[in-house]
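We just call them A, B, C, D, E, F and G in the order they show up, numbering each chain from 1.
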């Protein structure tokens, strides 16, 4: 198996004899090594929570940007290569701004997600029809896209293959499997946003190697009532942590 | 045999000594690993039915888009790499819109199919005469294109080699062989669209590993009477499943 | 021999130490694996006949397009990669239309053939002086070009090397050798078009693995009297088959 | 391990089977071999201090430019390939000038850092949307970016992966580990800039192989009071060294 | 020797350690495998004669174009890859037409030859200063260029290295050596064109494997008296053959 | 070690696992094989002296150009590949002329040096922002740049890595190590230009394999008093040689 | 040694670990295999003499062009690949014409030589600032450039590395070493042009394998008196040969 695979994995966008594209599969591995991120959708809104791995205590934790606002009504949490996450988010920001400028209305959450997936799909040679020239390799990152529009609160997940799916709740990153199992057990369709907040951090607490505190996790939400995406202040995060078991 | 083949398969568009182009053959393998899709043409219209593989129960099944509308009178079901299917469908959508704009009439179903096959044929270096620059590798997807025009209901199948053929009924994907055999037995030239609906799901039920339900299959039809392509709502799918043996 | 050849065959357009260009030789192999096609020229016109390999009985045989009209007075039958045949024929169609538009007269049959051979010759890097950018590999197809102009009925054969030759009668494809031998025996310079029709299908019948019927062969002719190229309807094909021994 | 890695490390921007990008990891090694640089942020300002390795006593030590001013309020110290550091700093200089020209205000320190990280991220193929075409390999350098704007004194660290993080204090280069440990012990949130000056050189003294003097280290600061970045004169450096234990 | 050479022959335009360019040497091999061509210059004019290898008796021999007119006063016979010969001749035709258009006088025979050699020299990357973009490999063909201008009848020979030389008489192709020896014996400076006609076919007769007839050889001449290049009709060729011993 | 290095040295601009860029290191080797060059800076001016290796006594020694004027106030001596030295010097000449034209003042010596280093740094892919497209490999040459501006006499040294440093005195080339040791011993900060002249040739005499004479060395100086760079006439060189021990 | 070298010689413009560029060294080998050429400079003018290797007695010796006029006052003799010599000479012709057109004076001999060396230096990727795009490999030819301008008669030698040197007398090609030794013995600074004529052919006679005659050597001179470059007629060459010992 090994001997076969390594013959086909250097052409970035080439099929192996079994019909597989190894560079995409390897990019998934980059996500599997990355810090865990969790998204939970409720009727009242969507919660994003991510683990932050800090190389040094002398570092300013606020500069590790794992959750990024894309537009006032939509944001994302990333698991994988930080620079790739930023490139995809920047691309989505431009798309949302251009849409607002052209049509005088915000871009729908699914369309935001799709613009990310489009860029991710076209890695390899540049597709001239696109605004940004994609990278020569797949983007080594998955994004949890949380937003709110006329269809209510929504949670999408993009992956290195350029696929996006809609989820009620999802965990990505190194502890995805354990986290996903935990969420499945506890998720209820009628959860409140408050319960989702707590659940998301409870899950992170369980799967993180470090002791959870307000500096090594980040939380954000988009609320149906306000329609706004916002990243929580450290104090708020601390308050939720205090309620965990 | 193996030793020979692996010397020629990395040049994406190169002949082997036996006159074969391996990357295209490997792309066919990508289709053979993918979820099954079925198309059945009757005098009253065409039915498309596809299996949806859901990674998680917390996922919103409606976001797995296996059947896509191309124009009001034509759509497609895919088996293979999701991103490639979307690229081909998007290409066809642009072509149909441009045709309508230029000639004030819908593009015929075969022409829609041909625009997909054209893009698929020209993988490798970009052909400057085409609107979209094709990918550097073959598209790892087959599409069932179902539509209705002045020539009545029609079903076409495109493949990774850029060939398209017209079928009365066809199955593609991992269970293509078994499904095809089953359809062959049951297909009748004078079937009603209702019978085709039921047959398509009966076949999927037989070949799917998971138990069939309204969330893990998708159904669409184009009817001769209305000339419209539409994707079925979950309730409708459920109703058909209830009638299966 | 084998060990030597495989050192030189990956550069698509490179000489081996013996002065050979392997990719072109391999493309000839693609033709040798393909369904057989036959062309017979008489004083009254030219007959083209091809075998169609149908993957499934549920397929619409009319959608396997082995014979293509290029202009009202000229058409072609292909043996080899279907997509390559279509690309070459499309190229010839554009050339004939442009000629008619510029000079108000149909393009001569040899000039049609030459435009196909020109595109085929220039595989590899794109030659900027040409309208269509050629493929990165040789075209894996041979075409029988049949047409009628002021020089009377003519039959040309193009090959993957971009050479074209004029023939009285010719067979290409997997059974070329046997078919050619059979034609040579039976061909007469004063044959009627009717006799050529029958001979072409008799030859196909002899060399085909499947039993010949009106669905797995295609026939076309260009007649001197009318100067028109036309593809036979299934009923007509059937009538000829009924006369075979 | 070794045998595996060397199969994937030549494609500059390609994933290995474990999801790693070796060229970026190797570029980090270039930083690990380089002279040490230290940055310490206090409420009063930021100190940068770097070791200078002088190939010859006949060399003019002032020409080894390890600390570079980017704008009047921001500068950087580098550890790694000198030419790469210069390219990144030049890029940042252009960005800051263009910003001032367009908006009549200085570019914020984080934005300066981000412009450096952006260029570093996009190594490999050139991204057409950027003003400078990035290099074909990762930039083999880390930068300590020190500046002062309306958010007060700030210290950022960029790395070969194009990531940037905000630090209170940080050491990079061959002695980063030892230096970092020493700083961690001694750093206090309420240090004065004078104390930071001394600490930075004390750390360098401890980790340098050569005896520290005013010619083989460089020091710079940005002060909150003046808002200005400036590189210390040799005499000033000498004065600090005299105070070291 | 063999082991060494195959390390250097894949770069199309690269020196080997001994200062050789293997692709050019291999292209000469393509000429050595090809049908023989002969050129004889006399005071009265130049004769070209070539062997035609016919794949089938059902082929129209007139379509194997080994001798091509370039302008009314100059033509060429080729030995090697037919498509390459055509490309070079087409290039020369354009050059002669452009010259006539610009200067209102025919291009001199040596200048015609030089335009062919120029294109042949610049294989590899395209030289932007040239009208036609050259091929990526050397042209696998030698041409005998025969013409008449104010300097009288002239015969030039071009080869795959892009060199051209002036000859009194020359043979190229698979039987070049034997033919050359035969010509050398029989050539006289005061030969008539009639004698040269006969000598050229006599030589071909001696070296051809097939029995010579009017269909498997082609003859052309340019006469000093008329200054015109013309290809002989089959009957004329037959008449000469009848006179051979 | 050797086995490892040769896996990474063919990509011209690629990191090895240890963070090294081998093509740059190999380019340094080209300098280490080249004829020795020496630069000595005094308060009164800068002296450049180089060894000239003459392939033949029949050669005109003045045509071996090792020292080149860049502008009236600055010049350079090279050690390494002659053509690369010329390319860098030509680049610097254009930069100085453009500066004078734009700003009506001579370009400062450090800026001249930097323009050389800039071109050298950007080997590999062309950086579009630069006037000259850099070479595909590193420049295999070091330059001693000597000049005089408002900051007085200055000596800079550029290397194949694109780094430049300021020196009081420096030797480059095959005998750099020995020469450097000799200079270090004899150099004094208050040397006169005359003493530097003599020292430079004394050093060359010591390290050269051939006997030194006025034909196999070249000398140049830039004097503070005149501010002019000039290359010495043979007679002048001879006069200095006569004074050597 | 051999094993090492063959790892580095395929990148056309890449350093080996020892700092060597093998393609340039191999190009020198192409010169070492070529026919010998000799240049001798006297106070009265410069003589060029070259050996011509004729493949056949039926060839017109005047068509082997080893000596080429560049402008009325300067010409060159080549040893190496004929096509490369022609390309370089053509390049120099364009440069001299453009200079005359722009400045109304002939281009100096050294400047002519430099334009040839410039093109030769920049092999590999095309340098956009040059009029002619250089070849992808080094030019496999050395040129003896002989000319006369206000500085009197001059002889330059260019080589595949793009270096040019000024010589009193020089021999290049397969017999360079022997010829050079012979010239060195006989050369006198006060030779007449007549003596140089004789010496040049005497040397060729000594080193040629074939017996020297007026057809297998070429001679040219540029005289100080007339300032004109001219190629000798066969009779003149014959007259000199008759005087040889």
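The working rule: a residue touches a chain if its C-beta (ideal position, glycine included) is under 8 Å from a C-beta of that chain, and two chains touch if they have at least 3 such contacts.
Keep in mind it's a predicted model, so treat the numbers as computed, not measured.
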Chain hops separating subunit G from subunit F, counting only touching neighbours: 1
Steps needed, at fewest, to go from subunit E to subunit F via touching chains: 2
Superposition of subunit B upon subunit C: rotation angle, C-alpha, nearest 5 degrees: 50
Geometric centre distance via CA averages, subunit E-subunit A, whole Å: 68
Subunit A-subunit D separation of Cα centroids, rounded to whole Å: 30
Approximate Å spacing (C-alpha centroids) for the pair subunit B, subunit E: 54
Where subunit F touches two or more other chains, by residue: 126
Arrangement of touching chains [line / ring / star / complete / other]: ring
Ring topology as an ordered chain list, initiated at subunit B and continued via subunit C: B, C, E, G, F, D, A
Sites on subunit B touched by subunit A in the complex: 5-6, 9-10, 12, 22-23, 26-33, 55-60, 62-64, 81-83, 86-87, 126, 131-133, 135-138, 140
Subunit A partner contacts - residues on subunit D that touch it in the complex: 7-8, 11, 13-21, 117, 121, 124-125, 127-129, 156, 161-170, 180, 183-184, 187
